[in-house]
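Given below, in the form of C-alpha cells, are the structures.
After this come two complexes, each holding chain A, first together with chain B and then together with chain C.
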Partner chain A sequence: MADFQVLIVDDELEFVTALVERLKIRGIRAEGALRADQAMVKLAMKTYDIILLDIKMPGMKLADTIERFNEIKPGVQIILVTGYGSSAEGEEGLKLGAVDLMAKPIKFDKLIQRMTELTLGKNG
Partner chain B sequence: MKILSNILRKFLPDFLYQESIAPERRARYKKLWFLVISLISIVSLVPLIIMTVINIHQTQDIAETEIKQPLAMFAMNAKRSFEYNFEERKAALDFIIKERSFQELSDHRTLAEVFLNLKQSFGGFVDLGLIDSDGVQLAYAGPFDLENMNYADQDWYNEMRVRDSYISDVFLGYRNFPHFVIAVKHEKAGEGFYILRATLDIEFINRQIEHLDIGQADAFLINRDGVLQTHSIYYGEVNQKFYHEVPKFSRRAEVIDLVNDVGDSFMIGYAYIEQSPFVFLIAENVESLLQNWTTLRRDIITILIASVILIAVVTIWGTSSMVDKISEADTKHDQMVHNMEYTNKMASIGRLAAGVAHEINNPLAIINQKAGLFKDIVSVKDEFPEKSKYVKLLDSILQSVDRCSQVTHRFLGFAKRLDVQVTPINIEALLKEVLEFLGTESVQRGINIEFSIPDEIPEIESDKGQLQQVFLNIINNSFQAMDDGGSLTIAIGNSGMGFVDVNITDDGEGISEENLNHIFEPFYTSKKEGTGLGLSITYGIVKKLGGEIMVKSEVGVGTSFKVVLPIKLVETSFN
Partner chain C sequence: MSNVNGDSLSVQEKLAFFGMITAGVSHDINNVNAIIRELAGLMEDLFYGAEQTGQLNTDKLKEIVQKIGDQTKRGEKNIKRLNRFSHSVDYPSQNFSLNGLIMDITDLSQRFARLKRITLSLDLPEVDTEIESSPFLLQYLIFSCIELLLETSTEYEKINVSFAEQNGSVSIDITGKISEKGNRFDDRMNMIRKLTNDLSCEFNMKQTEDNRDVLALIISNTKS
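Take a look at the complex of A and B:
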C-alpha cells in the first residue's frame, strides 16, 4: 500500500497510540511522540515523510518546533492538527511551512487521503 | 389648529414625542423639565412681578398725592377767602349798626346813603334793610319795594332772635333771583333788638370762585343739607340736591373719592366755611386727572407682560433643549453600554464555547480513533464473533462522533477559518446565487421576493463562501418565519464611509423582544428543530468580516435584518 513513514506528535497518549495502531494496520509505518523534544530526537535518528503535529502542547512553541523540524529534516511535510476552531498559531504555522491544518477529530479516511496525496507529490 | 400644534411641537421637548424612551424615564425627564422651568420661572418672575406691583402702587400713590394736594390747597384757599369776605361784610354791617342810631337807620334817606357807601366800598350788596324786633322791615334801600315786609315767620329771623349775626343759605325769595343774606343784630338797652339785613347777589360768590383760578375743575358751594348753592358743572343748578352724601365736617380741607351714578369717578376737595352754612367743593374727574398715570401703568403692565412672555419662551425653549440634550446623551450612553455589554457577552460566550469545543474535541478525537481502531481490528479478523453487529455498533459510534464534531466545528467556525479567501464580490449577484439555491422553496410556497438595488453599489472585498453562508442563514430564517405567499424584500444600500448595507425584510410572524435580545447567542432557538447555531455563526462571520449585523422585529408585522459590510476588507479585522 502506501509507502511512507509518519511521526505523530501529540500530548494525548490514547490518541497517539490508537492512531499509530490504525496506521500500522493499514501498512503505514507510524510512530508516536508525546512531546516535541522527544519528536526531535526521533526525527534526528529516523526518517519520516510526514509529521502530524498538535499545535498546542504543554511547554511547546509551535513556531520554534516547526523551525527545528525543518532544520533537522529539511523537506519534511508537517500537517498541523488542532482542537481549536480559530487560532493565530495555526495561521502562523501554515506560513512557516506547514502544509495543512486539520481539525480534531480528524476523519481517518480524509487523513489517509491527504497523506497519500502529499507523499505522491513528493515521490512524483 | 395644525399650525398651532406645530408651533407647540417646536417648543415642547422632543422626548415627549419619542416612543423609544421608556415611560418611567420619560416621567423623570418630565419632572426635571417642570422642575427647571418652575425654578427659573419663580426666580425670574416673582421678583419682576413684585417689583411691578410695588412700582404701580408707588406711582399711583404719587399720582394721587399730586392730584389731592392741589385740590386740598384750592379748598383751603377758597375756605379762607370766603371766610375772610363774609367776615369783612359782617364786620361792615356790624360797624354800621353800631355807628348809626336806630333813628338814623330808620330814615330812608340815611339808609340809602349808607347802602350806597357800603356798595361802593365792598361790592356784592344788592340791598339793605332795617328790621325791628317784630320782624317788620322799617326801612329798605335797594332795587325792590320791600318796605314794611314782615319777616317774623321766616327761619332766618327766628335764628336772629338767639344769635348776633347770621349768614343764610342761597334762596330765590321775594326777589326771585339767587341770593343770600347777611344779617347783624343790635340790642337796644331795655327796648329789645333790631336787625340790619343785607342781601348779597350770588355773583359775589361766583366771582370769588373765579378768582381761585382753578382751571377745568368744577368748584361750587353746597349748604350743610347738601343743596347746591351755586351752579356746578357736574351736579347741576342752584337749589338742586347734591346727590352724594354731604362730606363729613372737618376744620381742615379734605379730599375724598366719589363715584357718580353713571360710574364716573371723582376726586373732591372740600372745606367747611365756618360761620356760614356753606361748604366749598372742588371736583375733578379722576380719569382725566389720572390719565398720565393710567398711561404709565399701561406701559408698565405691557413691559411686564412682554417680559413674562419672553422669559417663558426662553425658559421653556432653553429647558426643552437642555432636557433633550440630556435625553440624547442618556440614549447614546445606554446604546453604548448596551453595545459594549453585548459585545462583551458575545465575546465571553465565544471564548467559553471555543474552550468547551476544544476540550470536547480532544476526547472526541480519542473516541474517534479508538472506535476506528476497534473497527479496524474487528474488520481485519475474519473469525471475530458477531462481527457484523460490532461493526454496526462501531459505525454508530463513529457517526455520533461525526455529528458531535460537526457541531463543534460549525461552532468554532472552523471550516470557514480554513477557507478564508478574499475576492471582489458583486453583492447583488451573490444574493441572487443564494436565492437560486433556495429557489424551489420560494416558488413552491409562493413567496414573493423583491429586490431594491440602486445603481451605484460598488463591488466589495470579502469572503464569498462566508457571505453566502451569512445570507443563506438569514434568508432561511425569514422563510421559516413567513407564511406561504408572504413577501421578502432585499434592499442593498450604500451606507457611506466605505460601507454597504443589505436589508432583508420579511412580513413573517416577527420575533418577540425577549427572543430578539438573545437571537445571536449560540444554542438559543425558538424553533422546535434547529441547533440555535445558525444566527450565532452568522454573527461571528459578519464580525470577522469587519461588519455589523442588526435586527429589528415586531411580532405580527415582520423582521428586518441589516448587514453592514466594509467595501475593503482590512487584514486586521480577521483576528
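Take a look at the complex of A and C:
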C-alpha cells in the first residue's frame, strides 16, 4: 500500500476520531482537525498528502478554505465530504481544485482505494 | 377562539421554511448515521484484529458501544423533533404547550447558529403555558426573528430566547446584537410583519440597558 499522510477536517469529533483510528489500524498515518483554522495550522507545520474536508463547517467559507490550503501547501489533494446527495457547493469546490467529492456516510473501502490512487498517481 | 390565518404568506414561503428546517434535521441525522457507521466499522476492525492476535480490548469495545448509544439517542431526539415539526401543519389552529414549541424551534435553529459560530440559548419559565394558535406559523415567526439576528450578528455573539406570561398575554423576547443590517434585513422584517399579522400578535423592537436588541412578540393568550 502507498505510504501517505491524511488530515481529516470535520466538526464532528466522533466521526473524526473513529475514522482516524480505522485508518491507523490499516497502517495509514492520519490526524484530525475539528476546525478549518486548526487544519491550516497543522498544514503549515506538517506535510499531508491528502485532506478530507467537510464542505459545511462552522465559520468556514469553502472557497476561502480551499484557496488557503493551496497557498499553504501547493499541490495538496483535497477530497470534499458532503452530507448531501448532490451539492452545488461540492461542485464549486471541485472547480476550485478539489480532486473528488464523497457523500456521508463514507464507503470506507472506496475511500482507501481513492486515496491510494491519488497518492500513486501523484508519485508517478 | 384564535385569530389565525395564513393569508399573508404564499405557499412557496411556507414551503421554503418547511424545507429549510427538514433539510437541517436530515443533515444532522445523516451525520449521526455516518458516525455510527464508522464506529461499527471500528468494532469490526477490532474483532478482526482479535481473531489474528487472540486478544480483544474489551474496554475499547465498551467505549465504542457507549458512543453508538449516545449517537442513537441524538438521532432519536432529532427524529422526534422533526416529527413534531411536521405535525405542526396538521391544523391551522390548535392548543399546544408554548414551552414545548419554543424549545423545539430553538433546538431546530441550533444548527444554523452553530454554522455562524453564534451561541443560541433559551430561558423557559418553570410553569408551562398553553395557547391556542398555529404552531407552524408561530415557529416560523420565532425562527424568522432568530434568523434575522443570526444574519446581522458577528461571530461568537449570543442570542437568547425567553418568554413570560403577563396579564393574559405572552411576551416572547429574542435578544441579540445587530451589528450590520445587510441587504436582507428589510426582507426579514417584512416576513416578520406578515407573520405577526397572520398570527394577530404584536411585534416591536427595543433595546436593553446594555444596548442589546430585542425582537419582542406579544401574543394575547387566546386559549378557549
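Going forward, the second predicted complex is superposed on the first by the 123 of 124 C-alpha atoms of A that agree within 3 Å, B and C clash if a C-alpha of one lies under 4 Å from a C-alpha of the other, contacts with A are read in each partner's own complex, and residues count from 1 in each chain.
The rule is simple: contacts are C-beta pairs under 8 Å (C-beta built on N, C-alpha and C of every residue); 3 or more make two chains touch, one makes a residue touch a chain.
Bear in mind that the values here come from a model prediction, so they are computed numbers and not experimental data.
Peer 1: Once chain A from each complex is brought into register, does chain C clash with chain B or fit beside it?
Peer 2: clash
Peer 1: By the touch definition at the top of the document, which applies to A:Ala18: first (chain B), second (chain C), both, or neither?
Peer 2: both
Peer 1: Could you tell me if A:Ala88 is touching chain B, chain C, both of them or neither one (first, second, both, neither)?
Peer 2: first
Peer 1: Which partner chains sit in contact with A:Pro58 here, chain B, chain C, both or neither? Use first/second/both/neither.
Peer 2: second
Peer 1: Could you look at A:Phe108 and tell me whether it touches chain B, chain C, both or neither (first, second, both, neither)?
Peer 2: The answer is both, since A:Phe108 touches chain B and chain C.
Peer 1: Can you give me the overlap between the chain B contact set and the chain C contact set on chain A?
Peer 2: 12, 14-15, 18-19, 21-22, 25, 83-84, 104-106, 108.
Peer 1: Quick check on the complex: what are the chain B residues that touch chain A?
Peer 2: 354, 357-359, 361-362, 364-370, 372-373, 376-377, 380, 401-402, 405, 408-409, 411-415, 417-418, 575
Peer 1: Taking the touch rule as given, give the residues of chain A at its contact with chain B in the complex, in rising order.
Peer 2: The touching residues are 12, 14-15, 18-19, 21-22, 25-26, 83-86, 88, 90, 101, 103-108.
Peer 1: Would you pull the chain C residues touching chain A in the complex into a rising list?
Peer 2: Of all residues in chain C, those touching chain A are 27, 30-31, 33-35, 37-39, 41-42, 45, 49, 67, 71, 114-117, 155.
Peer 1: Spell out the residues on chain A that touch chain C in their complex, using ranges where they run on.
Peer 2: Touch list, chain A to chain C: 12, 14-15, 18-19, 21-22, 25, 56-59, 83-84, 104-106, 108.
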